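Each of the next two complexes has chain A plus one more chain, namely chain B in the first and chain C in the second.
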Partner chain A sequence: MQSNAALEYDYSLAKKFTFLTILFGILGMLVGTLIAAQMAFPELNYLLGEYGTFSRLRPIHTNTVVFGFTVSGVFATWFYVGQRVLKVSMAESKFLMFIGNLQFWLYFVGALLATISLFFGFSTAKEYAEYEWPFDVVVVLVWVLWGVSMMGLIGIRREKALYISVWYYLACFLGIAMLYLFNNMSIPTYFATEGLGSVWHSVSMYSGTNDALVQWWYGHNAVAFAFTVPIIAMSYYFLPKESGQAIYSYKLSLLSFWGLMFVYLWAGSHHLLWSTVPDWMQTMGSAFSIVLILPSWGSAINMLLTMKGEWNQLTDNPLIKFMVLASTFYMLSTIEGPIQAIKSVNAIAHFTDWIPGHVHDGVLGWVVFMIMAAIFHMAPRMFKRELYSKKMMEQQFWLQTTAVVLYFTSMWIAGITQGMMWRAVDEYGNLMFSFIDTVTVLHPYYTIRAVAGVLYVTGFVMFAYNIYKTMTVGKVLSQEPQFRTPMA
Partner chain B sequence: MFFHWLEKNPFFFASAISIVISFAGLIEIVPNFAKAAQPLVDMKPRSVLELAGKNVYMKDNCNTCHSQMIRPFKSETDRYGDYSLSGEYAYDRPFLWGSKRTGPDLHRVGNYRTTDWHENHMLNPSEIVPGSIMPAYKHQFSNLADIETAYAEAVTVKNAFHTPYGDEFQGTRAAWEAHKPKVLADAAAIAADMKNQDVKDAVARGEVPEIVALIAYLNSLK
Partner chain C sequence: MDIRELQGYASFFMTIFLVIMLYGYIIHLYRSEKKGERDYEKYGNIALDDEVTSTPVEDKPASQRDYKEENK
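Showing the complex of A and B:
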């Protein structure tokens, strides 16, 4: 028989991954801001000799925010949400606790070493998959360990029906596993010969156009399964919890989930429009990108309508603000993406700064906001203390919102300007601008973007400070808050 | 209802996700492996020195700022040359198309830039192209390219993917020692067109600075 007493959940792993989320967040965003500044002020390339150029740092920025910050956030929230929606504590199984801790340490050490390897130039040159093969092996091990503890926890659950968030965490696990494995298939050259050359080097299993197809099937869907799927998992748990509102529609969540699963992966080839990929694949990529609006907006609308009748919470609870703004940016980003996937628009947008602009309104506005909101919600429960400062949360919110708006507006202008200048011809049909003209014209926009970066990182440091103060000096809570997070 | 049943059975739920997310890859990607992406007629794979240069290109992630994909628009063919063909990439592992043109496309840079242009440019880009925001890559003049690894790569792709390298490409140390003079001769030919004395001295000693391999690679992009 089950007792009616509330379960004591074990938050030790959620706490550890929360620390990593903050650590990798600060590192990844600092590097991002530095490389943004390098594009406006190239002298900044020489701070660290050969290790400080834009080209070495850019993969460090992307990998640290994807596999460091975001994935830590996914783990942190899983080890919090998973127990609660499955009604089972990690501490009930010594085995699962051991696997979880092993996963943490392997991940932490692996992520640090992998970052160092990028500094030294060990790179497969495939975007978001730059880690050389030894680190791919570590990533796979970490992922398998996460799978074991996830399936294990599901195996011993008390709540039989899987809550919506669990669907998305499961999909995150399965999707990344499939994509990462196939895209990183490579042969280490040292072992394929009599030990000639470097142990680190490998050669891709795919070549040319095929490699491009596999890479962007991966690249696009790494975004899906790391930057979208688990973030939706978070919003389905934390928004109803924080607001005390039930999810607006079960049917809409069903449609959005299975729709997203089916449609998302087709859209990868929109990264290869006008390339040498067969035309029908490009058209499929474009078409499915448009269809993708449905499940994306389905989730976002489900979130926003969950707040129906309770919009007053938006004014007095900064946590709700973060989550509602995140859903709104998700809508912006998922309408912008399909627009860029239209072939005629893509002809101008591709290869320009509009693309990083698009990525960042999604990531800064949606992913980071949602993860920070999740941590704000979890912290008082994990540390049994009130949030340190509501006022600081408000300031942070407006600072970072301003930063995101500056970021994407400057990059929209920069991208469209450059795309139009590349194709501009004079009255005789000759190209009007040399390439360098289309670079120097971007200086003001690159400067604005760098300023936006500084503002955003400042906001993130305020967030880190707020959590640190919550842990150390926040008012002690006698019992776990049920809905609205208490804050001073 | 089916979905309520599914949500109580994690194994079938996970299986359903796996099936649904596999469709796209199976239909969109797999067919291309059978048909397209064959090399152009009489196309030769890159020399070992050029492969070493490609690895320098990857080490410094040149592809973060430079594309190698000329799209079929007049504004692109006017600027960069003929539009790119799938077969031209058939031996490229990985593909290096890039996704951002912070700098110009390089797919046919070998047609309109020379060894000495690259030498001067890599030392100080903004002196050659005023207003350039590209950093200098001085370290490529002192770091040595890993030609042995490049050779191992050539042997690997020959054995695994039948890339047409000659019979002399074998995975033994003896075969590598026999091939090495050819690589050094290629390097000497590049260094002869350069003015940096340290680079010339290194090549004379039987070493290959990264810049020499990189220029060999860039010159091969045509």
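Showing the complex of A and C:
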């Protein structure tokens, strides 16, 4: 490793993963919109025979947006932010470049085949862990490769202090590695049945309540380590960099980090309230969920306070708008989650549409907005061109914000209505409504959600178009911008 | 006492232990800044000044740092 005047950061991997983020984003959200429409108009289930039913498409939606879109976004930003905050270029190590490219191709081919496999009904039927074991092996390999290039880059760094974003990326790496391995432990049915089953189809190594506990320890922490931790990593880099303001309190960022690590892992049992898991564990899940407000808001407030004295940027830089809205939605969903984890509230909320409502104010408002903002910030640096259209960014912002609001408000109303109707009893204790009564009442809200989906995907396509035009016809920049992203 | 109850108590005491650790960490952060041993806020600049040619905020590994010297 030598200092060299012409040394530059190598963005080739960041670019490749950016393309995948956009590809999987469009795919995953189109399927999301289709399944939302199917809930409102069931005839749409029969467009493609068995391949087009809600049950076949739902796992495609969830896996594509989580393991396709979000994880690509995490990789894209890591290969950008990692180099910059460690002050070392990937190009300085041929080995790391090779590992990075190998990771990219293995991931790309693996993710495509995995999605196709779900389409053909090749599934373990465990939520967010539907991939059959051969794909789990690919996931593990990709993850190990990421680990090698991450640790390798850290190993050759010039900046000895690890910036807070690196801590979060490391936590994402370690957290997912641990969760994924433990939850996906399974045995091919061929071996479990002495030759009757299949080599390709597997069943979980855990059973009954234990399986449920491991599953939701995994499921909830997938939210923590895929939807929260790396997204915070992004905001701690991109918001200060774009606004030119250092993080409001670095100490608070450290404290929130450890707070989050400590608390998140214990909150998963809030998915199993009123079920057969031990009572103390349910209470612990509720209690830790409420405590989780503190580190979550610690990070969110730190982001908002970073803008202190600079709020004028909110009006004239749409990129800041995306990031501030993302932090605000992060606050919303991290207060909503704890409320849903209170046992008495959960008795109404569980199994209702309020849950997907909560999921999507988080993912659409926070995760996707932050990832898009990161790509908007990186694009002019990666392609050495100005962003194609500021006006289109503004339109996209308002279109998608409207869509998120329509999505979560309709699901709040639908969920609470549903929860109340299911438990309503008359004076003799008989249930007052049958299931179909609720379906009839909920129809308008499902329609609103489907419309929200159409608006949101439209916004995402505008984003993709804006990036495409930036790459191809954006005004060429002679110098890399330092803070504010230039846009036409 | 059966295994479930034991697990419950273990979880309770571990929580207490971790809470103490976390509060200890807050005290540690503020105290070492007050004593002038470290300046945590300077790390915020790593994101702002991040050219490959920029001077690192800290260019020695943690084991070789002498904070008191640096902050004088």
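Please note the rule applied: the second predicted complex is superposed on the first by the 474 of 488 C-alpha atoms of A that agree within 3 Å, B and C clash if a C-alpha of one lies under 4 Å from a C-alpha of the other, contacts with A are read in each partner's own complex, and residues count from 1 in each chain.
Keep this in mind: a contact is a pair of C-beta atoms (placed from the backbone, for glycine too) under 8 Å apart; a residue touches a chain by one contact, two chains touch by 3 or more.
Keep in mind that what you see is a predicted model, and the values were worked out from it rather than measured.
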Fit or clash between chain C and chain B when superposed on chain A: fit
Touching partner for A:K94 - first (chain B), second (chain C), both, neither: neither
First (chain B), second (chain C), both or neither touched by A:T209: first
Partner chain(s) touched by A:I355 [first = chain B, second = chain C, both, neither]: first
Which of chain B and chain C A:F262 touches, first, second, both or neither: both
Which superposed partner A:T276 touches (first chain B, second chain C, both, neither): first
First, second, both or neither for A:H201, with chain B first and chain C second: first
First, second, both or neither for A:A161, with chain B first and chain C second: both
Residue contacts on chain A - larger count, chain B or chain C: B
First, second, both or neither for A:V439, with chain B first and chain C second: first
Computed vertex angle (chain A) for partners chain B and chain C, CA, steps of 10°: 110
Touched partner set for A:Y236, first chain B, second chain C, both or neither: second
Chain B and chain C, minimum CA distance [Å, superposed model]: 5
On chain A, the residue positions that both chain B and chain C contact, one per complex: 160-161, 254, 258, 262, 266, 278, 281, 284
Residues of chain B touching chain A in the complex: 3-4, 7-8, 10, 13-14, 17-18, 20-25, 28-29, 32-33, 36-37, 55, 57-65, 67, 69, 71-73, 75-76, 78-79, 84-86, 88-104, 126, 129-137, 139, 143, 146, 148-153, 155-157, 159-161, 171-173, 176
Parts of chain A lying in touch with chain B, wherever the complex brings them together: 38-39, 42, 45-46, 49-50, 53-56, 58-59, 121-127, 130, 151, 154-155, 160-162, 167, 170-171, 174-175, 178, 182, 187, 189-190, 192-194, 196-198, 201, 203-215, 217, 254, 258, 261-262, 264-266, 268-269, 271, 274-278, 281, 284-285, 288, 347, 350-353, 355-356, 422-425, 430-431, 435-436, 439-440
For the chain C and chain A complex, residues of the former touching the latter: 4, 7-8, 11, 15, 18, 22, 25-26, 29-30, 33, 40-48, 50-54, 56-62
Residues of chain A touching chain C in the complex: 3, 5, 7-9, 83-85, 87-89, 158-161, 163-165, 236-237, 240-241, 244, 246-247, 249-251, 254-255, 258-259, 262, 266, 278, 280-281, 284, 483
